[in-house]
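What follows is chain A paired twice: with chain B in the first complex and chain C in the second.
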Partner chain A sequence: MPVSARGPLDRRRFLAASAGVALATAALPGCAASVDSGSGSGGGGKTLTVMTLVDEWDAKTKRSIEKMLDVTLRIITYDVTKLNAMLASKNPPDVVRGIGATDAPYFAARGLMTDLDPYFAKSEVLKVSDLASANDVWRFDGEKQGTGPRYGLAKDYSQDSMFWYRTDMFEEAGLELPSDTEPLSMDEWLDLGERLTRRRLGKVKVYGLNATGMGVFSQLMWMTASAGGSVFADDMASVDFSSPEALKAIQWYARYAKADIGPSLLNPNPDGWDGPTYQASRMAMSCSGFWFGGVIAAEPKLTEVSRFAPAPQLGGHRVSPCFGGTGFWMPKDAQNKEAAWKLFEWYFAGQPAKDRAAAGWGLPSLDSLRASMPKENAFQKQAYAVQEQEAAYFSVLPVSPYAQTDALNGVLSKVLPDAIRSGTKPGKIADALNSRMNEQLARGKELVG
Partner chain B sequence: MVLARRKVVYLLLIAALVLLLSPFGWLLITAFKAPSELRAVPIHWWPHHPSLDNFSQALTLFDYLGYARNSLTIAGLYSVLITLASAWAGYGFARLQAPGKRFVFGLMLATMMTPQIITLIPTYLLFAKVGLVNTYIPWILWGLCGAPYLIFLFRQFFTNMPKEMEEAAVLDGCGQIRIFWRIFLPQSWPVIATGLILSFSWSWGDYISPALLLDDDRTTLSVKIATGYVNEHGSGLFTLVAAGSVMYIVPVLALFLVLQRGFITSTATSGLK
Partner chain C sequence: MSTEQLTGPDATPDAPSPARPAGGEPGGRRAPRHGSQQARRAGAFYVFAGPWVLGFLGLTVFPLGYALWLSFTNSDGLSPNARFVGLANYREVFADPDTLASFARTGLFAAITVPLTIVAGLVLAVLLNQPIRARGLFRTLLYLPAVVPPVGAALTFKLIFDRDSGSANGVLDLLGVNGLTWLGDPYARYVLIMLTVWGCGNVMIISLAGLQDIPGELLDAARVDGASQWQSFTRIVLPLLSPVLFFQVVTQLIMTLQTFVPLLISLDPSPKGVSAVPDSNYLIMIDVFSQFFANGRYGYASALLWVLFLFIMLVTLLVFRLSKGAVFYSVDPEQAKPKTRTIGDN
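What follows is the complex of A and B.
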């Protein structure tokens, strides 16, 4: 095959072309496409990086934040892998969205969070005395959650073991409505769930009860506490599911899952969460806190038939915890903490906080905003009254700083389905959970020191 | 007897086809449904009022075409660069002699066993240190490094090309670069097509790398579709996700349709010999 010695590409030309490609690629960041998200046009020289939900603020709000704080706002969509990578590179965002009840001990114990107490001390806007007690889920004293320095703030919260129910379904089943003031026992709750479940051809058509709104681990922690025990040891470095109280909680959950009256680890909800199922009249009782009222309020028909009830109890200790407390925190290595705190003041005490309180998607994190909660129609008035009574029973149920709650839920997902299906005795289930979870906690403790 | 056996084979093939296509079919049907039909009981197997609303909303809820442009830029750059770089490396392994070549080739193939997730955080730290986060440079660098699987494919293809072609080119005064560029590369069209299809579809569908390295305004469609179709309370808008996903698979499908002949030839002929 003859090839021309003076072909279009000799070595020199090839190298020149390669250099051209290299130059072009080096110039690419300058012309990299950027989709207009409404940010990046800010006034100040400093950039405030916020890792939060993708649509936390619209373009207009972003611009007003930039003007107000004299910064350029950089929004990063929340992603836990990215957050860990940024924390590891010592170049984290200035503000991060997080779930106080589960994130605070984990990150604080690793020295990754900024102590906000000095900021509260000098703030004219955010006062510790005005904070709702649920903000304590963001506190960590070095060993335990609930006391010590504050590392974040909840934008709103709920007492997540309370439940919403459909009065029309109760009436249809000829059942008495739950009390607004006295909590049901867990057995009564389960019995109601069984009576309210509707099946067709052996398949559940209407769930009687979803008892695990915020995850099974939280559910077991809460039930154990209401029976007078604790899943975690005092030093938070181990779990003990073999105590009588925890065994009672496991037993109850096994009965609930086996009864197939609602979403469980054996049969998860295809919708992913209760909102669409409840709206579609396919759930009679949903274990969800006050925030779920926002879902209900969106459908006028639902507001007529939905009511709120106190958290049921497994034993004699009335406990009504918060498993969320979603809000913001500042990483310790954040570059722009003063601007971040200004954002806190605006977001947690300014107009956004007032709007959230009035919308009814959760309880306001400032007591002074409680008066703004919605109380216009019968449904809202009833929910408000029930909520006001329940507030007295709030307490922080501390989680361990040595393992993330998601990881512990992962163990439950592995152990419980087979164990419940096969009818394994609660004692054996407890042993399996203790062994696997304590292994994880020990590894975490080794890392934290 | 033969006819009956053939019928059984066809029936099995049709069943397998239905099984494989059913998720795509369901996605397509969902894209035409109203949100209220999504969880209807009994199930709506077919939309009662098929509508294109989901598609128009999917295009406008966020700047769909803008993010598609980002995806196209990244996937286009990455697939062209990685295919060329792999061809070049495959040529080296197939036709050039060097001490330790076999060992290096084995070592390179062994890296295929390393899951991407393991190197992800260290890679992020590296790029963060040199200021390449939130740029498209990492995809260019990854592209220039080649991919072990594609290098292997090119190496197999080039190994099977007759030595006489190379000798004739040498007699005509060609150096190695021109032999590769003018003789071997044009002959390897089926492998190039395979490389382009595989690398483009991988990069087009990659979620974790852009999620980790790019900010929201520079990220790709795969990340945006996964996170962007939510209402003001953060709840998923699943009919829009379905419509967005249907449009999302169009470019990969088009690329495959254009290059499928080369892809099939390559996978049929690039086996070990």
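What follows is the complex of A and C.
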């Protein structure tokens, strides 16, 4: 049945009005916030929006935070796509979970993070002098990571190139245990991995070694640094994999992947991390930092056969970096920064920080909490002693602000598998990596300025 | 048969009905009631159409337009110095060997999986249309994969095909055969094809409905005339089923060209997870996701999406064009006018 075209609301007017309403709604800057999947749980007048893991705090803790800060707490589940939309619409959360080692330069260079130095200056609770040096991964001076203003804090951290090993598997293979103080060379490490690997009909029944706990790009950075070089140029605007040090690192990774003694780009870890495989007695050595002790501590049988070792080295320059430093940061356009900082003080220096330090799921980000680290049984005592010695070799390995580490890892996963399978020479691999990564970095530099 | 007609969609409502003289009831009382009925129906139209129109404009037209605008910039969504780059992103789409390879891979994947899925669904539908025992149970079991959430299906396949602890290699192990790296190149593409075809229950259920709509007397008549089962199937069933199959070809093709399943198999649908997708499963939607969220190239990724959108439109039009002569409608869809039903027809 036709509707009169002369009525007060004919079809054309109706469609035009709908379009207006729909476009206005979609274009509203705040609409990105409507993708909120979290919930507020009641509280004071202001709302403190935190983007973090869905299970970061239970309902009781949320209520106590609200009471303490006199806010309504709204939790948004962490999702990088959602975060980008909220940042772009200038309606970001007040506090965001992030990985300092990779997120800080990228977001800080784009002017999206709040400089926390003024907050530290007036804080009675969080003192810069008490911060563990790993918190430097959250610093960025406008060009380079590791110095300059602080843009976030690590809730805990690890030196991620250290490794855990199973003494029972070493004994079974008749191998000497690694030293608690002297690092293995990368070749020795690879050799041990090969000897510890158990195979059957093309399948690996027991992995000798997973050498890539925090991604291949980080691993190449670390190995190159250990050999005395650097993947990035001084201005962080380009990479150079054709330096002798970086070539040595590529060669080592190619040997590791081809040896098929653990998860690699040729055979990715089906679980995405080492926990289940290590617990199932299917992995002899796992390149994971102190935090992995939390996994081990959950199983008494594992604590008896697990030990911690210093980060192996490719060259004579001993480096033991942190590739995570997961914690919180405050977006520049956050609406409720004072409450956000109070949350920081509670979370990083209050009871939650003390509980985290005692739990052993990472090293405390405040030096004053180091005494709370677990040292109850032999496994914890050994890990603590090894960790204390390793702390001297910590250094920040800066990443470029011009490309996300995920993008650089994406290039590696495009180039390396075929190259390793076909036995391409390291020089050619380096050329391909340089060309692709530098293209990305140049685009990022143009945007950041 | 009564002469009073029920108005069909093609009827002209403003024209006077033979049974209802213009002017309505004596005294002119009918005209206002007719008008208010019209207004009510118009109101109902707006109430029902409104939400959809708003949703379509806000969630489809606006994002499409916004993406089109983005595709002419070098924006990364966050940096302040984004600028207009004209058609540079579109030129790059057609010059980037990785993107072209992704398109080719996606086309090949669609060319393999769409026919396989349609044929598998049709074969199952024909089997389940037979008078067999526990037919309902079989129908349910075979339809189940179609209702399993994609993430669950991907997880299951990942567990089955894991090289070192999966049951697929476990079976090979029992046979004394070396295990394969199923989830790596080059076997990952076969796992993806299997996962896609495994979900052919949707095709099966629609084909089954189509089969049950075929008049039994036609098949009986063919049998009486001495036609074999195969002849009945190819000469009667398939032609009558062809509109249903054609609909499925079009919808499956569109879905397949946009498939995102490889990232689900990597089980880490995040920018980091993209690096775990093997090259053979690096389809165009994976490239789009990677360009958006790993590489932060919102402009280029938007151009990719627009090219994909136009590509799908083109392929769909091509399929429609090629289908002429292969799809048999009982009524010509372009000429067809619904029959005017009259009271007493039933």
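Convention: the second predicted complex is superposed on the first by the 409 of 449 C-alpha atoms of A that agree within 3 Å, B and C clash if a C-alpha of one lies under 4 Å from a C-alpha of the other, contacts with A are read in each partner's own complex, and residues count from 1 in each chain.
Simple rule for what comes next: a contact is a pair of C-beta atoms (placed from the backbone, for glycine too) under 8 Å apart; a residue touches a chain by one contact, two chains touch by 3 or more.
Computed from a predicted model, the values in this text were never measured in an experiment.
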{"item": "Contacts of A:112 with chain B and chain C, given as first, second, both or neither", "value": "second"}
{"item": "Touched partner set for A:129, first chain B, second chain C, both or neither", "value": "neither"}
{"item": "Which superposed partner A:205 touches (first chain B, second chain C, both, neither)", "value": "both"}
{"item": "First (chain B), second (chain C), both or neither touched by A:53", "value": "first"}
{"item": "Chain B versus chain C as contact partner of A:80, first or second or both or neither", "value": "second"}
{"item": "First (chain B), second (chain C), both or neither touched by A:272", "value": "both"}
{"item": "Which of chain B and chain C A:443 touches, first, second, both or neither", "value": "second"}
{"item": "Which of chain B and chain C A:91 touches, first, second, both or neither", "value": "first"}
{"item": "Touching partner for A:422 - first (chain B), second (chain C), both, neither", "value": "neither"}
{"item": "Where chain A meets both chain C and chain B, residue numbers", "value": "1-4, 7, 9, 14, 25-26, 81, 84-85, 88, 205, 270, 272, 282"}
{"item": "Contact footprint of chain C on chain A as seen in their complex", "value": "1-4, 7, 9, 14-15, 18-19, 21-23, 25-27, 80-81, 84-85, 87-88, 107, 110-112, 200-205, 207, 215, 265-268, 270, 272, 282, 403-404, 406-407, 409-410, 412-414, 417-418, 440, 443-444, 446-449"}
{"item": "Interfacial residue positions of chain C with respect to chain A in the complex", "value": "7, 13-14, 38-39, 41-42, 45-46, 49-50, 53-59, 61-63, 74, 76-82, 98, 158-159, 162-165, 169, 172-173, 176-181, 183-185, 266-268, 270-272, 274-279, 290, 292-297"}
{"item": "Chain A residues touching chain B - in the complex, by the definition given at the top", "value": "1-5, 7, 9-11, 14, 25-26, 28-29, 32-37, 39-40, 53-55, 74-77, 79, 81-82, 84-86, 88-89, 91, 205, 270-273, 275-277, 280, 282, 294-295, 361"}
{"item": "Touch list for chain B against partner chain A, complex", "value": "38-41, 62-63, 66-67, 69-70, 73, 77, 120-121, 124-125, 128-129, 135-137, 140, 165, 168-169, 172-175, 177-178, 181-183, 208, 211-212, 215-219, 223, 227-228, 230, 232-236"}
